[in-house]
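In structure tokens below, several structures.
Heads up, the next two complexes both have subunit A, just with different partners, subunit B and then subunit C.
After this line comes the complex of A and B, so read on.
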């Protein structure tokens, strides 16, 4: 059974809404700057990709505001946009025909921080009753489910950046088991002191203060990443259901695989290459059929090297265009890969590969990086890569929609 | 450390304000309308919203509300009466 994507809802630092994001991405506009959501001056990392113009009260009923973290508010609005884009009124779906499967990196950190502050400074009676779920990893799935009356299979995947692909893969599994529609993807947003401290422990945050020099994957000057906030929700649907209702199809979730790296001291090689090979095989394609790779783009030298080597091992020397449009937004944790999936479908639609911004490709990497400006290209099959801290590797192949006479 | 607002009586207006602050208002529900006898469930408030509401009442008025009595108070009027009983008992104790 083919599993297709019929709706996109994107929220990125560079643009709210799919077309705003896409035009900014093609123009190479960067939305990285000094943190404004709190004073970052006492922290080693001071830059982030923030969403500036999101006002939840313009989109959501007041009933939802006291009980939602920022990431949940953005996710709810993105889900609304994805359903509208797909031409689906969730209220018209039978209760058990549709579900929600999202990924989450850290849950609702800002909400949790505020309630912990209330606990310590004023006492337990001042902690919101909604702290019971508002911080939780699964809360975006839950709130999207409640708002839209979706009672089909619902869950959350937690595997850092890789989770953004793992969730969509789980959506594909549930569609294949008989659910008609799953809304899937991820939104993460934890640009608050508590979230910041947690992210700093990764040792992977860039301490550069110049936004143009702070997140440079595959560059000799790569020195970590800039965190961002946002993500995307995708309407995933069984192809027959989509065609019966005359839906516009962006493309197909054609292949997927996930691997876990061996222990760092095991002497065995990392397993991203195997995830790529398995995902291409799952799509019943050969490496030569892949028209573009959306890289994970860690911007940590050893991780850039292992990703570049995996790509070169599979596709050959400069054998496939590689891009990292997330250089404009920072890394959005679980939200990153769903945005890359959206970008991949838009590349297929428009015949253009968005650029990697800022990077001067290091001589050490033998890849064909699409740098600075978009590249015109017919795109039928795109590979999206996402790695999570702890050894998670996920790869997903998306394919152009089938033309049926 | 609990700031007690000196007041004789807990009113519908005070409850409405606390509901709005703590739990917001359901779309299509006018909290300024005649809601005193409308069950909280019909106003769009589930048990967690009422837990948050009672917690805000307790800390604002410096009283403690009995869990079972709270569950039994299914309308704004019933909750207001419950709070006012507690307030007058607390005030009677203060005078002893």
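After this line comes the complex of A and C, so read on.
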């Protein structure tokens, strides 16, 4: 059974909505700047990709606002957009015909921060009645399910920054097992002092203050990443149902695999290469069929090296175009890979590969990086990579919609 | 070997870390004797809280087998996961040296991640809540691994040398069932030959007590902690928070037979549905849980009457126990009145994301021993909970098939069916 994507809902620092995000991405507009949500001057990292123009009250009923973290509000609106884009009114779906499978990185961390502060500065009686669920990792799936009446199989996966692909892969599995529609993807947002301090201990945040120089994967000056907020939700269904209802199909979830790297002191090689090979095999393709790779693009030298090596091992020296449009948004944690899936489908649709803005490719890496400007190319098959701290490697192959005469 | 044996997923190793003892044997002793492990909270001064009771584990890190370095970097929930994994692995008799690491995966369920670590570290970096701009100079180096609970799955993968698909499943209080359902699917779809699957949570911290106080979900029966968890009893007034972990070795029936492993049970059916109703509330008719049960039984190709024992969610809140009773009647029909049903939360409390896996461990042990664990503290059943909840005393009972269910915040309703591997005809 072919499992296809028929709706996209994107929320990125560079644009709210799929087309706003895509045009900004192709134009290479960067939305990285000094943190405005709090005063970052006491911290070594000061830049973020913030979503600036999102106003939840314009989209959501007021009763939802006190019980939701920012990431949940963005996720609810993105889910609405994805359903609208797919031409699906969730209220018209039969019982148990639709579910929601999201990934999360750190839950509603800002909500949790505020309640921890209430607890320790004022006392336990000041903790919100919504704390029991508003911060936890399952909240976006739960709230999307409730808002849209989705009673089918639902789930939540946490695999650091790789989870977004794991969620969409689980959506594919549930469609294959017989569920009609799954909305899947991830939105993360934890740009708050407590989230910032926790992220700083990863050792992977860029301390650069120039937005143009702060997130430069595969560059000699790579020095960590800039955190961002946002993500994407995708409407996933089986090809036959989609065509029967006359849906526009963005493309197919064709292949997937996930691995975890061995313990650092084990002496064993990292396993991203294996994830790539398995995902391509799962799509019943050869490496030569892949037209573009959306890289994880950690911008930490040893991680850039291991990713470049894995790509070169599979595709050969400069054997495939590689891009990382996330340099304009910062890393959106588990939301990053679902946005890259959206970008991959839009690349297929428009025959163009978006650029990796800012990076000057280091000559240490033998990859064909699509650097400063978009590249025209017929894209049939795209590979999206996502890695997470702790060794998570996920790889997904998406394919152009099948043309049926 | 039949094609089915390649797709049938079986449990060949069990590890449990639960209140009231160390390891699987202590856990089962507690259950069959109907003892409770609930007590007044000792981890911190509970007096400011409405609910002051929990099921705590006397977990000795020094004796746990963790190296000082491991213990230092891991939240308590991660410590439970790793220690419990080692017990499961030893129990399975698997020699990992002979298995391709890429064919071994990991799924760990957790509802609330490193809550204890985050609560404690927040106090430190905020100077007891005084600093809004928390101070990174006081952050512990491993704080990032508390931020993202997938660190639990990484620790387990590292502990066993797994390099296959690895993730945390976090679906609130059904995480422990959903983690096993997910792992079984990964094996069936060919993504791994062996999955280390289970769940862990260690939520007994001030922030958790405060958040459940705020919605009166936990019991205020502070004057009688040992009898505070009272599922299905008319006097029940909330759940008792717990902690713990259970981890299993899952593999194909074919693989287990090939290596002559002890096979505890097959994961014969599983389903999850959402109520799309309320983040914490339950629809009284139990229809989504009933649907999950129906689909799980269909997956196992079993009629309701083939179920020997039902391991209930039985949290001990007014709402849950009625919801669940309605779901059993809806899905099992008249047979709901005849099948023994019990809630081990009466003894080990409710460890949120972990409890689903701990309850599967209890279910598997019920099968192994042909004994059904009781519902402790059930003296005066709620008239609306009128099924056979095996009050107070364990019951000797031929148990070849078990239905275990869970219900969680977010609206998740899950059901898992276990069967003795020779029971399910294929």
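Definition applied: the second predicted complex is superposed on the first by the 405 of 405 C-alpha atoms of A that agree within 3 Å, B and C clash if a C-alpha of one lies under 4 Å from a C-alpha of the other, contacts with A are read in each partner's own complex, and residues count from 1 in each chain.
Keep in mind that, in the parts below, contacts are C-beta pairs under 8 Å (C-beta built on N, C-alpha and C of every residue); 3 or more make two chains touch, one makes a residue touch a chain.
Bear in mind the structure is a predicted one, so any value in this text is a computation, not a measurement.
*Asks:* After the match on subunit A, would you call subunit B and subunit C a fit or a clash?
*Replies:* fit
*Asks:* Answer with first, second, both or neither: which of subunit B and subunit C does A:316 touch in the superposed model?
*Replies:* Neither partner.
*Asks:* Could you say whether A:137 touches subunit B, subunit C, both of them, or neither, answering first, second, both or neither?
*Replies:* second
*Asks:* Quick one: classify A:65 as touching subunit B (first), subunit C (second), both or neither.
*Replies:* The answer is first: A:65 touches subunit B but not subunit C.
*Asks:* Would you please give the vertex angle at the Cα centre of subunit A, with arms pointing to the Cα centres of subunit B and subunit C, as a multiple of 10°?
*Replies:* Computed angle, apex subunit A: 60 degrees.
*Asks:* Now for A:128: first (subunit B), second (subunit C), both, or neither, which partner does it touch?
*Replies:* Both partners, subunit B and subunit C.
*Asks:* Examine A:351 and indicate which partner it touches, taking first as subunit B and second as subunit C; both and neither are also allowed.
*Replies:* Neither: A:351 stays clear of subunit B and subunit C.
*Asks:* Quick check on the superposed pair: does A:288 touch subunit B, subunit C, both, or neither? Answer first, second, both or neither.
*Replies:* neither
*Asks:* I want to verify the contact counts: of subunit B and subunit C, which reaches more residues of subunit A?
*Replies:* Counting contacted residues of subunit A, the larger count belongs to C.
*Asks:* Across all Cα pairs of subunit B and subunit C, what is the smallest distance in the superposition, given in whole Å?
*Replies:* In the combined three-chain model, subunit B comes within 5 Å of subunit C at the C-alpha level.
*Asks:* Using the superposition on chain A as set up above, list the residues of subunit A that contact both subunit B and subunit C.
*Replies:* 67, 122-123, 125, 128-130, 132
*Asks:* For subunit B, which residues count as touching subunit A in their complex?
*Replies:* 1-2, 20-27, 44, 48-49, 51-52, 55, 58-59
*Asks:* What residues on subunit C touch subunit A, complex-wise?
*Replies:* Where subunit C meets subunit A, its residues are 48-49, 101-102, 106, 110-113, 118-119, 122-123, 125-126, 128-130, 132-136, 139-151, 153-154, 157-158, 161-172, 175, 178, 182, 185, 189, 191, 206-207, 209-215, 217, 271-280, 288, 291, 408-412.
*Asks:* Sort out for me which residues of subunit A touch subunit B in the complex.
*Replies:* Listed in rising order, the residues are 61-67, 122-123, 125-126, 128-130, 132.
*Asks:* For subunit A, which residues count as touching subunit C in their complex?
*Replies:* 38-39, 42-44, 67, 95-96, 99-100, 104-107, 109, 112-113, 115-117, 119-125, 127-133, 136-139, 141-143, 145-146, 148-160, 163, 166, 170, 173, 193-202, 257-263, 266, 268, 271, 274, 388-392
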